[in-house]
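Both of the next two complexes hold chain A, though its partner changes from chain B to chain C.
Up next is the complex of A and B:
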């Protein structure tokens, strides 16, 4: 296992896509120390900004101890192995990752798991905006794998989801699941406005209250339980909505009945 | 006085009929000369290297309204190709629509020295020139879109070719343009009303005129004006299965225009105009029919518009075509420039090997290029960025010069496309000499640029040197090595200055913007009626319309004496 400890509090963003088990594999500490990173507009070596130590433990492959809020692109495109961050993580954590596991014992920043294909990301704090969403302008959303967030997530999370599962145990910001076509998003608490806007398929489940519900969804019925993944079913009852009709979508939106008493006056007559 | 001597290279200069001869090239003050003093001149040892004139691109969208809108709607395109600054070059972004500076650097890196921006809405001319000013290392020119310009339509409708010619002469000066560009003639005007023309005999709304009359009329006008380039035509029904019939009809219609055995029209990105079949399901190649016609006629030149399998951005003044693409793909799109004299659309496009249609398109471009016997008639382009970014040219070079290379790509394509492709039956592999024609000499000749595309005495000292030894390297077999060599020129020399060495930009120089100063016997008088029209229909006043001299950073006016 390689242990990285930041040598200082970073003033500028650090681009460190080299912090990746696939890159570290088979390299000595000396070779790892020489890997290139960018700090602001300066090209540096990994050892210029991190203390690098090797410990005999097998897993996880990489541990970062300390605040890595400014360290971006950790685990980008990783295929195997495990990274643990004991502290906060920076933007684009695990972007386009295709396997392996990342654990953050702290909060994660924007674009965590952006466009990921496979693997597991666990965040034991909050996550920022654009969780699992592709870069601005792109439609290549998350295709597979799992993201679990213990805290809250920001806005525009799960956009263009095409597969995989996102589980949020706190609240979600606005535009959750914008334009998703496949996959599952589950939010244990409340979700922000424009929930599921432009969705054409897939499944969004909200156990808490919903803010500003879109008029382009049609109510289809009530369901007691909804399957999230093989081991977990969310307890309802849930209103079942279909949409987004503005996109001729066939997505399913499950919204908790008890947490949203405002819906009964509007939708109950259609049931 | 600066002197440069390129010693001992294998020179390929088709316009001077030099085919791989070992010789020296002498340069003084930015021009090729007979000889320079052996002691004083700086020397480049080109022993074992291939020396060619600087490459010329006849059709590449690198500046203007559409290009910039394309940049704006595609942040995801830039993020994957970020270019950092160096001590010499500026930072920027690349991929399908590179920023202006990166455009210059990447072209130069491949040995290109002259490029043509083929599509400029006259109302967007100032913007286009501002962007061209910021493209370093290259000589540039831009073609105003005149096929649907109202004064052209009005004059042609009246049958007043001389009047039309005067208006066009005025427009070349006003927009600092170089050639007459025609896109989907009549279609752009129709698109303003949500319609299109579907054959060359459809009538354009509000003007009692057909695409046939526009194309033939402008071809005649082009001749009356003695413009160096022919009319530059993007055909009707572009990108629609079965459109090769329209293309053939257009070419046949142009036979009626007197031509003295010289080309009178350039059909651009001919790949997109050569689809057979009735729908996308049975769409197939019409390369056979099109190339047979080309082989039997001499009044036209062409460029390929070769598909590259990658994620790119399509942009054309052909608004209705882009709308069709939007309906097919459902991708984000922009309908732009309808407020100008043209129309326009931009939509991202990912050409995939595993798509039968895309793979067939890929095959069509190469089939035509290889089936046309005379390399002076067809040139290498990707219609950047429509069929692929320009920096993929070395890939096309590999496909054209090596059957092995194209069969390797074909093997990865959709089965249906593989079955339909004519490529397995074509054994032709272009030589370096033919390649030099398709990438520089032919293009310069078609453009009428007398100082470009050759290394004869008096030519501009634009030279590309590649790390290819024609005696030891068989480019048909070692196509990957050749591709690398064309990707990173050993030297690119612009106006006698070494700007690229071993694929790295080593010096920054400004290129010139070439435009036509057309002298007609009688100059167009901008009368009150014309000013009234500007006031009423244009989005700017007449006074703000022209591109003033100070807009062009390094201008080079070519004076043309017209017959009218």
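Up next is the complex of A and C:
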């Protein structure tokens, strides 16, 4: 196992896509130390900004001990192995990852798990905006794998989701599941406005209150339980909405009935 | 005395190019055809706030220095910086902007312009779904349904209605000026009757006004001829002259647009009202949208900077796309600064991205939220800044400004504005469009020539020349550094 410890508190963005089990595999500490990273507009070696140590333990492959808020693109495109970050993680963590596992014992920043295809990301804290959402202008959202967030997530999370599962144990920001076509998003607490806007398929389940609800969803019924994955079913009852009508969508939105008494006056007459 | 015709006004995105300026002894004495803002700029640009020579802050105070010293100091700051920001660019010409891109690449900085706090979301929305748009000439001649959404051109782009939309006579559409006059006369008459018979207390009158706002759409909305719809959170000056005004609840534009999209696609809504507007009235508006021959949506900061930001623009463009399945519809942002469109065009043509371009890795990268100046400043990542042709000191949030002034700040501006007052190296520059000629892009991305009508004060250089000098100095400092490193 390689243990990385930041040598200082970073002011400038650090681009370190080399921090990846696939890249480290088969390399000596000396070779790893020479891997290129960028700090601001200066090209540096990994050893210029991290203390690099090797320990005999086999897993996880890479451990970062310390604040890595400014360290971006860690685990980008990784296919195997495991990364543990004992501290906060920077933007684009596990972007386009296709396998393996990343654990963050702290807060993750924007674009975590962006466009990921496979693997598992566990965040034992909050996640930033654009969790699992693709790069600007792209519609290639997350296609598979699982993201579990113990805390809250920011805005525009799970946009253009095409598969996989996102489980949020806290609150979610606005535009959760924007334009999703497949996959599952579960929020244990409350969700922000424009929930599931422009969704064409897939499933969003909210066990808490919904801030502002899109007018372009039509109520379809009430369901007692909803399956999130093979091991877990969310307890309802839930209003079942279909939409988004503006996209001729057939997505399903499950919103807790007891947590949203404001819906009763609007939708109960159609049930 | 000389009279200069067809001068392009360097104020707003309308870029009116029919201004007539009279010059006596190198001073503007008369301005014809322009709006009040245009006249104010031409007549008042030579104010006491004009910076006359380069300044460097020494021991907390500005000290006048020779140009060479200021240029060396600025170049040194930029050449040594790890993550500099080069911000502004909206009130200068494309020629200066082009040098700016070169400078940003040379120093490995972040090139950003005022769109980041203005129409940046429009550019992001466009990247998501594309944009069906045209030149303003097309709209002037053909548009029979004009929608102003979240903008007030009567106040912010004073000649927009007169030159390009409702109050101009196009080849195929008439001006609605006369009907507007009748409306104003009728409103004045109503006011007189109301004031003569007024007995109601203030609160009651407010209720009457609310009722007027949610009036049924008038029948004229379904008739032939030019129609004007204004959608805003308050009854603006433009809304006063409109055929129909929709008062949308603040931050609910997204819901309203998405509902209109669903209705255009002939879906039924479960709700009775959206964003405070009854669905039956929205249906009538949708009829007007679908039945027009040529519609246009102009949108402003009411959409780009309210909740939803670029998603608002994305849905507005998607609405335009949906309407194009039924009729002809276009959409256009109401750009603010006279050459903010030019900055986006020049940046995009040189680097591939319109704003928030990060050259720190040696190649251009773009990701608003990550590489935009506002976010970088809020996170405190930069270590130097160059601000040109804009005034973030007056417009950015406090925390961003606190981080901006922690590190060396270079300012290039004709006036001692709030940003210049915070600067460490301040350069005076000549007014683009008055003292310097060049190219600027109108809000519909049509390039227009800016004219030089008077000579700049002695010793004051244009933005383009200043930036070229700084760039040259940066290159020479870097070359010296490389030489030293080689020797070591």
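Methods note: the second predicted complex is superposed on the first by the 271 of 271 C-alpha atoms of A that agree within 3 Å, B and C clash if a C-alpha of one lies under 4 Å from a C-alpha of the other, contacts with A are read in each partner's own complex, and residues count from 1 in each chain.
Operating definition for what follows: contacts are C-beta pairs under 8 Å (C-beta built on N, C-alpha and C of every residue); 3 or more make two chains touch, one makes a residue touch a chain.
Because the structure is predicted, anything quoted here is derived from the model rather than measured.
Looking at the superposition, the partner that touches the larger set of chain A residues, chain B or chain C, turns out to be C. Residue contacts after overlaying the shared chain place A:137 against chain B and chain C alike. Once the two complexes are overlaid on the shared chain, A:215 sits against chain C while remaining clear of chain B. Contacts of A:266 after superposition on the shared chain: chain C is touched, whereas chain B is not.
Touch criterion not met for A:237: it reaches neither chain B nor chain C.
When the two complexes are overlaid on their common chain A, residue A:91 makes contact with chain C while staying clear of chain B. Contacts of A:201 after superposition: neither chain B nor chain C is touched.
Legend: residue contacts after superposition of the two complexes on their common chain; A:11 is shown touching chain C, with no touch to chain B.
Applying the stated touch rule to the two superposed structures, the overlap between the chain B and chain C interfaces on chain A comprises residues 135-137.
Those residues of chain B that touch chain A in the shared complex are 73-77, 79, 331-332. Touching chain B in their complex are the following residues of chain A: 134-140. If you check the complex, the residues on chain C that touch chain A are 81-83, 107-109, 124, 127-128, 252, 254-255, 258-259, 261-262, 265, 267-272, 274, 307-308, 311, 315, 318, 359-362, 366-370, 380-381, 383.
Residue ranges on chain A touching chain C, taken from their complex, read 11-13, 15, 38-42, 70, 72, 91, 110-111, 129-130, 135-137, 156, 174-175, 178, 193-194, 197-198, 212, 214-219, 244-246, 248, 266-267, 270.
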